[in-house]
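See the structures that follow.
Heads up, the next two complexes both have chain A, just with different partners, chain B and then chain C.
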Partner chain A sequence: MLWALLGLGAGFTAIPLFTESDYLLNLGVQLFLAVALAQSWNVLGGFTGQITLGHAAFFGLGALVTRTLWGNGVGILLAIIPGILVCIAFSLLIGGLAFRLRGDYFAIGTLALAEMLRIIVGNLLPGISTIPSTALTNYALLPRYYLGLALAALVVGVAAALARSRIGLGMQAIREDEAAAAASGVGVLGHKLLALVISTGLAGFAGGVFAYYHASYYPQYPFSPLWSFEAILMSFIGGVGTVHGPVLGALFYTILKEYLAVRLVEIHLLIFGTLFILIVLLLPGGLVEVWTRFRRLVHRGS
Partner chain B sequence: MILAQQLILGLLVGGLYGLAAAGLSLTFGVLRVLNVAHGDLLMLGGYVTFWLFSLWHVDPFLSLAAVAPSLFFLGLILYCVLFRFVVRAREEVRIKNSLLIGFGLTLVFQILAIQFFTADERSVTTAYGGEAIKIAGLAIPLVRLASVVLAFLVLAALQIFLNRARWGRAIRATAEDWEAASLMGIPVGRAYLWAFALGTALAGVAGGLVSVSYSISPTIGLEWTLKALIVTVLAGLGSLFGSFAGGLLLGFAEAGSGLLLGGAYREAVGLGLFLIILITRPQGLFGSR
Partner chain C sequence: MVTWSKPVLEIEGLVVSYGALTALQGVSLTVGSGEIVVLVGPNGAGKSTLLKAVAGLLHPRSGAIRWEGEELSAIPPHRIVERGLALVPEGRRLFARMTIRENLELGAFTPRAQAEKSRRLDRVYEIFPRLQERQDQLAGSLSGGEQQMLALGRAFMSAPRLLLLDEPSLGLAPRVAEAIFSVLGEFHREGLSIFLVEQNVQAALTLAQRAYILEGGKIVGAGEGRSLLQDEHIRTAYLGPLARGGQSN
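Let's turn to the complex of A and B:
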């Protein structure tokens, strides 16, 4: 499976060599952002089992900080780092307190953070944020594409490394049974906080890439609960708690959304909302589970 | 003077926070599911009131008599179609799944409302909407005052139901310990159904009152869910009047901080309260069991 991911990465690296189609490159950037959002949510919500409904808070914070710095003349790569750090700081503020209690406190805290930031940012910065005119005239899609690809590769790489590591095992043990994990010597709070830092930091990175990619948007837009929803939905479509699930989910979602958004502009979100509820109820393992069941069936048949 | 006026307005909106929270904490307390779509049920209730008023000129306070049963019915459907399956799991999984499903429902309701009702902001404007009671130079808007009083009365009626009625007691017993309740011969599933539908009806009534005193739009759901969640964290579970008081407190604090920090940061107070509770009462008002 890891080879498939590497192959996918190589394929995406090569795409711009063969085509200069803006459509494909734009779709690529959106896909990379989707992969990063889903996989970063998955580290916390999937591996560690700490459901958050406020992932958009960190995506938005990263976008806000990076955009502000970049707009004031800081280089984009330098501007992304403070965005990541701000995300980690905010997440530790809430997670550090909430994780001592039960998981639902954390879900509420992050949801509250995302909504409140969205409203406050909307009040303070009501206008559209547009990149400086010099940057606009020199706007090139290719660096955005490769930065997005680097982001996606990093996020998937981190998740893959984590899944094979001792720390990742600890996280999964916490997800399965917190008390048993603690009894087996897993430092529960430390593991949760580490997952939180990784997850929100990567979300902040994704926000930074979003800020670099989008020419103009309302500053409160990346804080919209829709981003949290997308992250969770993609993870669930593919398979929560696996490395390749969120990648698969992001591919599926991005392409299907592209297809539906043109044809069923208004109700395509309705379809995704319903699909999501059905998956949570009927197929909590996502596409990955379908695949494993299918393989088992084939093996039994032969 | 401005301060006192603002604080009064804060208390008045707080009463509705309390009503919204009471419904949420009823469902959470009994079923142990955290319905994030609670605010969207509130939004739907608001639209029922709005349409009854603008199509047939039904007085908004009178229309609550239609809002409550229709939302109660919606609650029955939602429970039978979705949440019935959620409550089968053990508690942690229940909360997790209900969070996720509620989040999906939020989106579904929101899109449906935009489709059918358009994204416009709506409010019910009655002939008596502008009237206010003036005491010592302070103006108390009549409609908002009536809303809070009504919210209180609804909660009082529900409390009497929970204390006296057969099914009310069954619900309380289930909230206390569902296994014991089940052993005593209480049909726990039926108690869940009742509690969920009642919580939904409460959200509907709150929505109706919001549409008279303030305004509604398809996207207000999450905001109201959050207010209700924060009030529930603040006030704890198990007491409807506790929720009401918590709502008043949140409204009061919001108004106060709005004056101190400026309107733009008004929303931050909820998060601040949440964090303060985590620091000062970490045993968890919310998770008290």
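Let's turn to the complex of A and C:
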């Protein structure tokens, strides 16, 4: 199954060799950001079972730090790293507190924190952020495309490595039964904090790529709760708690959204809302489950 | 009171409360090295509370829990497992959406248990071949008896020296319960100490060397396992008229 992901990565690496279409490259960057957001949310929400609604806070923080540094002349790769570090530091600051909450309270608490941050940023930085005119004239899509691809590959690679590791096993045990995990020797708070650090650090990286990609946007825009909701939606559509699910979900969501947004404008939100409810109720394993069921049928048939 | 060997687990004056409700009101007991000790008592007596406190999942209000002389009550649960105490919780508490194999691997999560992982996995599969046949299936798909086998196997994977079992026969068909008890006997012969909370008083007292009776959060009686089977209070309160009538054979 991992071969499918590697093949997908190779395919996306090769696309710019065959086309110079701005439309496709832009769609590619959006897809990579979607994969990174969904998969990084999945580490904390899917593997570890800590359903956070505040993921956008870290996407926004990463974007803010990277954009500020890059706008002041720091190289983009060098500007991304502090964005990641700020996210990790902030997550550790709030983690101990947030993890005193469980279940719905954790979800609502993280949403409140993210909204606070969004409103603060909106008030402190009300103006639009535009990249310097020199950077604008030299703007090229290709480096954005490959940086986005590298981001997506890293996030999926981290999730895949985690899923097979002893630490990842411990995280999943916490999701299934916290007390039983502790009684099996899993340090619950330590594993939750590690999942949080990995998840938010990767979201910060994604924010950095967002800041590099978008020519102009309001600084509070990447803090919008919609990014958190989209990450959750994509994870659930594809298969929450799996490695392939969020990738599949991001592909499905990005392409369908592109198709629907052109034709139906705002109605696509209604369609995705309905889809989310249907999947949670009827197909809790997401699209990945369709695939496993299909394979089981084929095996039985042969 | 006879203590058969050097105690490994000593509980002294243990008080545990849930808010205003006091579940354990000064419980003292010991488990000796290589002993099987049973705790019987009605529902709500505090049996599960006692086991959870020993495993570190609940914090006592006062009293002491000592493992080989070391105070456990301030130590987090995952470090208690590391010291060789393994809890088989009430209702199995398996990781339902993970495979049988993953559940067993999680049993061996501590660094100390990692070292013995493959040897212990072989042993669990030898004792419960059914688990090996189904090792890639989700734990949630197992029958009640198989789930209890897995819960027992998971605890065994942690390289325990004392097994804490909370009603392992609950909800199982008599033949399956018998199989579980016979595995416990086998573990015991291999040198494991066992502290067992059990509703099936007849089977538990037959297996046990010593037993305590817990009622309303207090120890109200103690003795050797088989001799307690003849005890008037035990027979009327726990074994019922059928057992009393059936003792003649």
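One rule holds for everything that comes next: the second predicted complex is superposed on the first by the 296 of 302 C-alpha atoms of A that agree within 3 Å, B and C clash if a C-alpha of one lies under 4 Å from a C-alpha of the other, contacts with A are read in each partner's own complex, and residues count from 1 in each chain.
To be clear about the criterion, a residue touches a chain if its C-beta (ideal position, glycine included) is under 8 Å from a C-beta of that chain, and two chains touch if they have at least 3 such contacts.
Remember, it's a predicted structure, so these values are computed and weren't measured experimentally.
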item	value
Clash or fit, chain B versus chain C on superposed chain A	fit
Touching partner for A:267 - first (chain B), second (chain C), both, neither	first
Contacts of A:107 with chain B and chain C, given as first, second, both or neither	first
Partner chain in contact with A:218 - chain B first, chain C second, else both or neither	neither
Touching partner for A:119 - first (chain B), second (chain C), both, neither	first
Touching partner for A:185 - first (chain B), second (chain C), both, neither	second
Partner chain in contact with A:97 - chain B first, chain C second, else both or neither	first
Which superposed partner A:252 touches (first chain B, second chain C, both, neither)	neither
Touching partner for A:51 - first (chain B), second (chain C), both, neither	first
First, second, both or neither for A:146, with chain B first and chain C second	neither
When both partners are placed on the shared chain, which of chain B and chain C touches more of chain A	B
Nearest Cα pair across chain B and chain C, whole Å	9
Residue ranges of chain A in contact with chain B within the complex	49, 51, 53, 93-94, 97-98, 100-105, 107-109, 111-113, 115-116, 119-120, 123-124, 225-226, 228-229, 232-233, 236, 266-267, 269-270, 272-274, 276-277, 280-281
Chain C-touching residues of chain A, taken from the complex the two chains share	166, 169-170, 172-173, 176-177, 179-188, 241
Sites on chain B touched by chain A in the complex	34, 36, 82, 85-86, 92, 95-97, 99-101, 103-108, 111-112, 114-115, 222-223, 226, 229-230, 233, 263-265, 267-268, 270-271, 274-275, 278-279, 282, 284, 286-287
Of all residues in chain C, those that touch chain A in their complex	55-57, 76-78, 81-82, 86-87, 89, 93-98, 102, 105-107, 109-110, 113-114, 154, 158
